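Each of the two complexes below includes subunit A, the first together with subunit B, the second together with subunit C.
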Partner chain A sequence: MSGGIIDPTKSRSTVTAAGTDASRPEQLRDLRVGLLENGKRNAAQVLDAVGHVLAERHGTGPLVPLIKKQFAMPLPDDLVDELLAGCDVVVIGVGDCGSCSASAVADGIRLEQAGLPAAVICTDAFETTSQAMAELKGDQAYPFILTEHPIANLTGEQIAQRAGGLAERVAERLLVGRPASEAA
Partner chain B sequence: MSSPVTSELEPATAGHVSEYLFERGWSDGLPLVPATEESVQAFLVHTSRDEDEIVARLPQLDREATVRDLAVHAVMAGCRPEYFPVVLAAWDALSAERSALGGGWQSTSGPAPFVIVNGPIRAELGINSTGGVLGPGFRPNATIPRAIGLTVRNSFRVIPHALEQATQGLPGRWTMLIGEDEEHSPWEPLSVDGGLPAGADSVTATLVRTCEFVDNRHFSDPEEVLRDFADTLSRSGSWIFRHSSAAIVLNPDHARVFAEAGMDKQDVREWIVGHASKTEAELAAVGKGLSGQLPDGPFAPDHVHPVFADARPANLPIIVAGSRNAAMSMVVRIFSTWSGRSFPIR
Partner chain C sequence: MTQNVDDSAAVDAALQQFRDMLANDGYLLTWSKSGEDQVVVQVEAGPDACADCLVPQPVMEAIMSEALEATPYRLDHVVLPAGEH
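Entry: the complex of A and B
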C-alpha cells in the first residue's frame, strides 16, 4: 500500500555523526572552569555557585564566566574558540526552557567532540527534550545532569543549597565521563 | 486535478490510506492526504523555484526543508496546487523571523505562525478576509498554515512531548492564516508597512501566542475604542519583558470610525502606543516589577512602563479584516518580535 506514498520525513538533513566524549582529566585541581550560562533567569547564579563549590572542594583554578546570547541557537564558532582557548573544562546551563535545554545538550556534545570536557545542567521538566536532542545528535546515552524545576524563582540561599549537590555531579561528569554501564 | 464522478471514488481505500498515514506518525492529529510523486509534481509546476532550494531551516537541530519538502507537506495538508506559492512565501517570511529560527517551534510558549495575505491573489485562491476570518470554513485559510505545521513536525522533527515543549499550546496553532480586507480598509494594506508596493501579492508572517477580543460596539467617541485597545494591550498576564509587540486584527467598522475621525493607521498606532502602559507599582503588585530586572532600575512606584518600545509598524502591525456585522476586533500577541517585512508571492 505504501509503494507510492512519499515519506515526508526524508528531508535534507546534516545530522552529525555519533559523538564520543573528550578525554577526562585526572583531577580538577588548578583547571580553568568555564561557566557557560544562557542568560535565563538565575542561570549565571547557579553556575557561579557551582563553580565556587568546585573551587572549595576540588581546588579548581580560575572561573571563566561566559554567556551564550542566543540561548536556543548553536554555539557561535568564536565562542567555541574562546572556550577551547580559555578553559580546561566547562559547565553549561541551565537548560530550563523548551529550546535552551535541547540546545545546551547540543552544545555539550559539540564541545566534547572538540576536546573540551563538559557538564550540562538542565531542569527535570525538560528531560524528554534534552534526551531527544541527544538522540538527534546520534548520542543517545549522552549524560546530562538534571536538577529540579524550576530554578528561575530560587533565592540566593536556595541556589547555594542546590549548588552543593550539583557540584558533585558536575565533578563526576567532568572526571569520570560516563558511568561504565553507559559507556560506548 | 480533475474531479472524478462519485461512483469512481474508493472510500474504503481512502480510509486505509488515512490510517496508514496516522500509523507512520506523520499526522498532526487529523487525517492527511497521501503525497505521491504525481501530486507533488502538480504542486511544483506552480513555482519556478528549484525543487532542491532550501527554504526552511532549523540550524540548532541540523534540519532543513527544500521546495520539494514543502510541496510534499502542502499536499498532505490538503492544499490545492495553486496555493503552493503562498506556502513558499510564508516560509520565506518565517525564515526572516528571529523567533522562528531561534527556538520558537520548540518553545514552552507553543507559538503559532500567523500568516497574512495581501493582494489580488486572495480573491483568486478564495482566501477569506471578511466574516469569520480567524475561524474555520475556508480551505486556503485552513490548509496553508497546516502545511507549515506538518513541515515543522516531519522535516524539522519537532514533535510534541519531545523536541516540542509547549506548556499548554494554543488553540489553532496551525490554522492562523487571514487575508486583509483591503476592499473595506480606509488605509494602505499591511504589505505597504512591510515594504512592498500597494497591490502586490504578498505574505507577512510572524509567531504569535494568542488572540484576545476587543468587543466595543456601542461607543460614541473613537477615543473610547482606542482606550479599550490600550487596556487590553497592557494587561499584566502577557507582560514578560520590558517591551512586547502585538498585532491588531481591526474590524473594518472600527477602522472606518478612526478614518472618519481623520486618523490614518499611524495615528491610531501612535495613540495606542502612547496609552498602553503599566506603572511599576501595578507590575510589582503581580510580582512583575521591573526594578530588579533592568539596568536602569530601580523605578519609583509611579514610574510608567510603556508596553511598546516605539510606534513602528513592526511593533504594532494593524490588519483590517473581519465582518462589519459587529464592531469586534482582535488583539494578537506577537511572540518575541516581527521582522517588519512582507514577502512577495512569486
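Entry: the complex of A and C
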C-alpha cells in the first residue's frame, strides 16, 4: 500500500462555531451550484447528474464543477476561496470510502462555517466514518445525505435514477438546513 | 472479569458493522483481549486494500470506543497496518 493515513481532521481553517450552518437561500433559482467531486469513480457523474436535476426542477443557475484532487485530504485553502467566490451553494461527494467520507463531512462543515451552504453525499456503507468525523468536528448533528453503496459500478442509467432521488434531498439540505429528520 | 463466550460474542457483534465497513475498502478487522477488560482492535490490509482509504487513528479509535460501549470491554488501542500511523 502506498501513502500513509491522511488525516482529514487537520486543516488550517479556524473552527468558529460548531453546529452552525450558513444562512439558507429562500430558493435555488439562478444560484450557482458548485459540484465538488473527490475524484472517486463515478463521483463526478453522480454530482453532474444531481446538478442537472436541480437545474430542471429548481431552475438553478450555472453548474460549477470542481475537483478535490486528494480525496482524503482537507480542502486546500485556494479551493475554499474558489468555492466561496464562484458558488452560491455546493454539493460535495461522493464519500464512498473510509477516509473520503470522513473528509467530505469535514469539508462540508468547513464550508458551512465559511458561509457557503453545502450538501454532502456519502454512501451508506460509510455512515459510521461520516458520523465520527462530524462528532470529531464538534457537530454531532451535522446532516449528511446517504446513498446506497457502492456507486463506483453504477451505469449511466443507474446514476440518472439515483440522481433523481438524491437531488430532492440535496435541495432540502441546501434550502432548509437541518431538517428534523436527517438524511436516510 | 473472566472472558466467556457471551462476552466474546458481544464484542464480535459490536464490531461486525465496522468489520463490514472496513472490508469495503479491503481491510480486515480482528480483535483480541488486553488485560481483563480491554480490547485491542487490529486492522490489516488485504491484497486489494484501497490505499489512502483508511480513516486516521483518532477517528478509528473514536469509532471503536463507541462501538464497545455496548460490551463489557473498552478499547485499549487500535493497531493499524504496518507503516501506517
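Points worth noting:
The definition used in the following text is that the second predicted complex is superposed on the first by the 161 of 184 C-alpha atoms of A that agree within 3 Å, B and C clash if a C-alpha of one lies under 4 Å from a C-alpha of the other, contacts with A are read in each partner's own complex, and residues count from 1 in each chain.
The definition used in the following text is that contacts are C-beta pairs under 8 Å (C-beta built on N, C-alpha and C of every residue); 3 or more make two chains touch, one makes a residue touch a chain.
Here the structure is a predicted model, which means the values were calculated and not measured.
When the two complexes are overlaid on their common chain A, residue A:74 makes contact with subunit B while staying clear of subunit C. In the superposition on chain A, A:39 makes contact with neither subunit B nor subunit C.
Once the two complexes are laid over each other on the shared chain, residue contacts for A:149 go to subunit C alone; subunit B is not touched. Counting contacts as defined above, subunit A residues 1-2, 4-9, 70-72, 97-100, 102, 126, 128-129, 132-133, 136 meet subunit B in one complex and subunit C in the other. Residue ranges on subunit A touching subunit B, taken from their complex, read 1-2, 4-9, 11-16, 70-74, 97-103, 106, 126, 128-129, 132-133, 136. The touching residues of subunit C, when paired with subunit A in their complex, are 17-18, 20-22, 24-25, 45, 49-59, 62-63, 66, 80-81, 83-85.
Remark: subunit A residues 1-9, 70-72, 97-100, 102, 125-126, 128-129, 132-133, 135-136, 149-150 touch subunit C in the complex. The touching residues of subunit B, when paired with subunit A in their complex, are 16-17, 20-21, 24, 26, 34-37, 40, 54, 59-66, 69, 72-73, 76, 101-104, 106-109, 150, 154-157, 161-166.
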